[in-house]
């Protein structure tokens, strides 16, 4: 069972300082992703999802906790020691336009991956680039075009091609769809699914859109104000959401039947600079009790594989 | 805000110390000395034939007597400390070149003149430059725009010392209505201010044009149009206001630049300002004055920047938020 | 647009009212002089204004430049010509009403001599006074040893180091001026500010704005105040003089060759133009360097003969100069500037010059070292320097490089030992028409130095530098030893002709018979002009002035063309 | 993406397209090229050496023999203008390259590494920024002596701060763009990121700043020559020629108009290029 887990995150912490204030961006986040599966990470903007992604891929350093990739703790590895792992995990960003270097042709952008890791000969690299472009559905003859000459969907395909260029096992998709039109979104989802099947990829799929996550994920983690509030497999979460925040999130997902019960969130999410005492969700929680303002709930397993951080539910 | 200003003032003091130290080291390494130049001038004016080198050598022998008076015999670090002490206590002693005046007096006499001229020039530039810029922006791509843009570019490319010659010939020779030279009467201000305002007119008009064009493209302006605001209201109420704010940032450096960048204009019109004093102080190795002027001008520059930042802070709500 | 026109129009009206106001008093405005302080001890710029109207010595010059009694009522000269006793006139007053006394003269002269005060290189007649030079050079520190003695409040006596007939004339020069003791002791530096400056001449200083202008007003306490016609003198210190003159903002300006064509075309200006010779010679001289070529008389003669001075004067100066063949102008009695032998020796003759150069071993300039002209930024546009360069390059085939330095840097560089032959440029002006004005004893000693071979000169400079070091280190013994060696070089290695000049001058200074004296000076001048090579006289410029026709200004040929005195300006 | 569309139009060719649309800018660029060519070939183009004296022809107004007239020594003003142009271009390009080298290096380091390095470097930039550059230029030229190199150094000593600030800002904003993060996530080293990802993307504003800075440098040089601290006479410079010409405007106006006109023309054409470049860089497609 253990060996199936590809990446495991334990008590991840990240604080940013802004002047004298400290922003609690990520606080005690833990989860596992099994090989070949997809974890959906949902939450409002500012909840720390993207920070988690950047922490895992070591774009920023953690302030606590561990990241274990395929049994190796990569949390504090030096950039040099990290290089072999860089090959094995990749990231796809939200805005494809800005994640492609405008000064390079798309062919070069993909080729860079081989150059960085010194793989293959020149001819091989060219061949690989063409194969990859074909794989993500771009005519390889366009490899000498520049990113700005492509549409948003095509650009995102190029990003995906870059991400799989090194045959990485683990790919973080940081809201890859949110800047695309709905019709294009479906195509990209299809592409991601196909690639997963074909290459056996493991995804961390970050989104604020539960509907997309529901479609793609095997398990789902819900974040609120830097904390994980619920973590479960997809089926359990959607059939039996436990945390009040998850319930409100789910209620806003439009379903095909149109039976939408509105549970409105009160107010704005609080500032991560001065998170509220106790449960971070307490100022907006419809079921708030006294204890919620005093003690911070801990993520606990309520039933098999279903974790929740809520005093009310845990009782 | 108060805290911010205090912090900035702290940095200004630190920067001034660094500046004064650098200036001191540099100035002390300038070849030549005041005394040697004195001898040179004395020679050039009188019976200095080339043959009396031995005479000059003899005069050089008594240098030390002379230097004692200026405190040149003391070690360098002590000189620096003396200078700093003088700066702090506003007692910097007499200048070499103008021995009857103390440095405080020179600065107290010349700074207001330079400052007034700079402020007047900038005021004129604002009065003329802003309407020109607005006109060009509103009639974008019309012949008016092209004319104004061309004018702006040409005018800002002509250095003020050339402008000075042109205005002198225009207003006191071909149309003889103003005196070419002198100081003390209001009419003496007209030509130097005019000569110095052309450059700023160009840059202000150009700046205004681009920033107004930018502002007119912004969403909130479109919204204002959409809401059915009148043209006048949209342009003057919204767009102008927002494009004027960045203008503040160029005014500060502009004024401080004009205060000292006027050596030639001063000489041409007989303006008793700071610029000539400095270039003459440098030319005659008047060390105390060179030091004092460098530091004081640095101070002016920094205070100008601070004032601009404070004004900007009050004008632009966005900055206020981001700076807490 | 209409508003704009209105503004212009009102400006016109406004300014014309300003211009329209007529002066009740007579004002003479001129563009001239320069300087930064009215302290006489600084010897620069404003001392000439002192001389022309602010302060008056025991002797003053009349408008034809003859020495006449100024502050002195009478004077006596001892038989041997070394003791001068002056009686000061009783009605002499300072501009604040105080009496002018002998103590003021003593104070003033010692103030100027004192090494503690400001310093220039010009000392005029003060140098003749016994021990004055040593006191000024800090060799002796007791001012009482200087040969000035106050006999009573109105009598002052000078003891000279020899008979100097020109001492009387030099009494009109600023180094022998009185200074107002009480105000200087009370106010210190501030005593030299406008308003505070106490003067005894026909004018007093009422306003001074550095870099802009100064204003003099008639001094009511001046004994001869009735004869002073102009009430106010305004000196402008900047601007474009020619423009100011044409705008009627000044009454007197200097003009140069550039303006001449315009002036000649304009009938009014042409009438207002005054040109007169000036006792200045523009010359070039050696810096310190070592090169055998420049010890060779043939080379030096060739260099002089290769400069077409006539042509330079005609075209570059537009006739406002004449060729100079002597460093002493023909305005000085005893000058040999026009001596046919001298002129013939250095007259322009490119053929002869080339031949001389070839004889010396440099045919066609081949093998001749590159010559440098060490000039300062103030000389950057001096046409003369470029003309000499062009003449030498064209006529001799030698290469000239102009090294242009900022003035302060230049003042250091020109006393350094150069690695290649180097010339500097200067002008020599003589302040009064006396043969001794150019040929002082100092100058004669300078002739010794100038006649040294280049390598001896360099050695001398090296030793002098060592001597300065030794003095700084306090090694008196070494310094005096070095001084002996320097003296040795000067007196043993200099040419016999130079030593002859020295002895002639020494003789002349001891002579009281004017005719004999003049003859001695003439001989000295001629020897120098024919034999001394380290300085090349180039041109003798003329002065050109524009003066408004309602003024009559007598000019001083000996003081770079300033008015002789403001008191002599007459209005028409 | 339609197949009809030509592909492979790089970022730069795009900017060039936009730049070409601005006629004034293209005109300016052509003129700048001509000026630079003229400057380079001054020794061959000039009809006379810049210091050749023609006594017989002093103060000749423009004529066939002397295209722009002669000065007080009969030196050909046209030749002197060409040499001045050459000097102005040498000073402009030389000082700007020094500014770019210093400013780019320090700005890149500060922006890229951030943290303490950035703090210290930006503090230095702040100090230099508050220096009275005009005064320091004078003092520096006095200390270093006259000559091209000291003018470069004097101008660059105070001028680099602006460039460093610009580069730092651009580096900071480029550094946080996703393609840099992506490259880092792929394991690209610091050098690779700096030179292949950040530098090409900030070079646009840097080039704009170079072009817009050249006129300023030329003006500083002519200002220095005006007070006798520019390039060494008799080597001509516009500032020197202007200062010679101002006193003569009344009777020999060409002596002022020729150098002043050339100065203005050169500054204008550089400005046109700079403005065109700015518009082309700022326009988003």
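A, B, C and D are the chain letters, set down in written order, and residue numbers restart from 1 in every chain.
Here, contacts are C-beta pairs under 8 Å (C-beta built on N, C-alpha and C of every residue); 3 or more make two chains touch, one makes a residue touch a chain.
None of these values were measured; they are calculated from a predicted model.
Enquirer: What are the chains that chain C and chain D both touch?
Expert: Intersection of chain C and chain D contact lists gives B.
Enquirer: If I average the C-alpha coordinates per chain and also across every protein chain shown, which chain's average lies closest to the global one?
Expert: B
Enquirer: In whole angstrom, how far does the Cα centroid of chain A sit from the Cα centroid of chain D?
Expert: Whole-Å distance between the two chain centres: 48.
Enquirer: Rounded to a whole Å, what is the gap between the Cα centroids of chain B and chain C?
Expert: Each chain reduced to its C-alpha mean, chain B and chain C end up 38 Å apart.
Enquirer: In whole angstrom, how far does the Cα centroid of chain A sit from the Cα centroid of chain B?
Expert: Chain centres of chain A and chain B, defined by C-alpha means, are spaced 56 Å apart.
Enquirer: Report the inter-centroid distance (CA atoms only) between chain A and chain C in whole Å.
Expert: 89
Enquirer: When you check chain D against every other chain, which residues touch at least two of them?
Expert: Touching at least two other chains: 142, 145, 246, 250.
Enquirer: Of all the residues in chain A, which ones touch at least 2 other chains?
Expert: none
Enquirer: Which residues belonging to chain C are in contact with no fewer than two other chains?
Expert: 240, 243, 246, 406-409
Enquirer: Among all the chains shown, which pairs meet the touch rule set out at the top?
Expert: Touching chain pairs, listed by label, are A-D, B-C, B-D, C-D.
Enquirer: Going by the contact rule set out above, which residues of chain D touch chain B in the complex?
Expert: 126-127, 130-132, 134-136, 138-140, 142-143, 145, 215, 219, 222-223, 226-227, 242, 246, 249-250, 256, 260, 263-264, 267-268, 271-272
Enquirer: Once bound in the complex, which stretches of chain D touch chain A?
Expert: It comes out as residues 1, 5, 7-11, 14, 177-179, 181-189, 192, 196-197, 200-201, 285.
Enquirer: Which part of chain B faces chain D closely enough to touch in the complex?
Expert: 11-12, 15, 18-19, 22-23, 26-27, 29-31, 153-154, 156-159, 161-162, 165, 169, 173, 260-261, 263-264, 268, 278-279, 282-283, 290, 293-294, 297-298, 300-302, 305
Enquirer: If you look only at chain C, which of its residues touch chain B in the complex?
Expert: 11-12, 14-16, 18, 36-39, 42-45, 48, 115-116, 118-122, 136-138, 189-190, 192-193, 209-213, 236-240, 243-244, 246-247, 249, 283-286, 327, 406-413, 415, 424, 426-431, 437-438, 442-443, 445-447, 449-450, 464, 468, 471, 532, 534-535, 560
Enquirer: Taking the touch rule as given, give the residues of chain B at its contact with chain C in the complex, in rising order.
Expert: Touching chain C from chain B are residues 30-33, 35-62, 65-66, 69, 94, 97-101, 168-169, 172-173, 176-183, 185, 187, 190, 266-272, 276-277, 280, 283-285.
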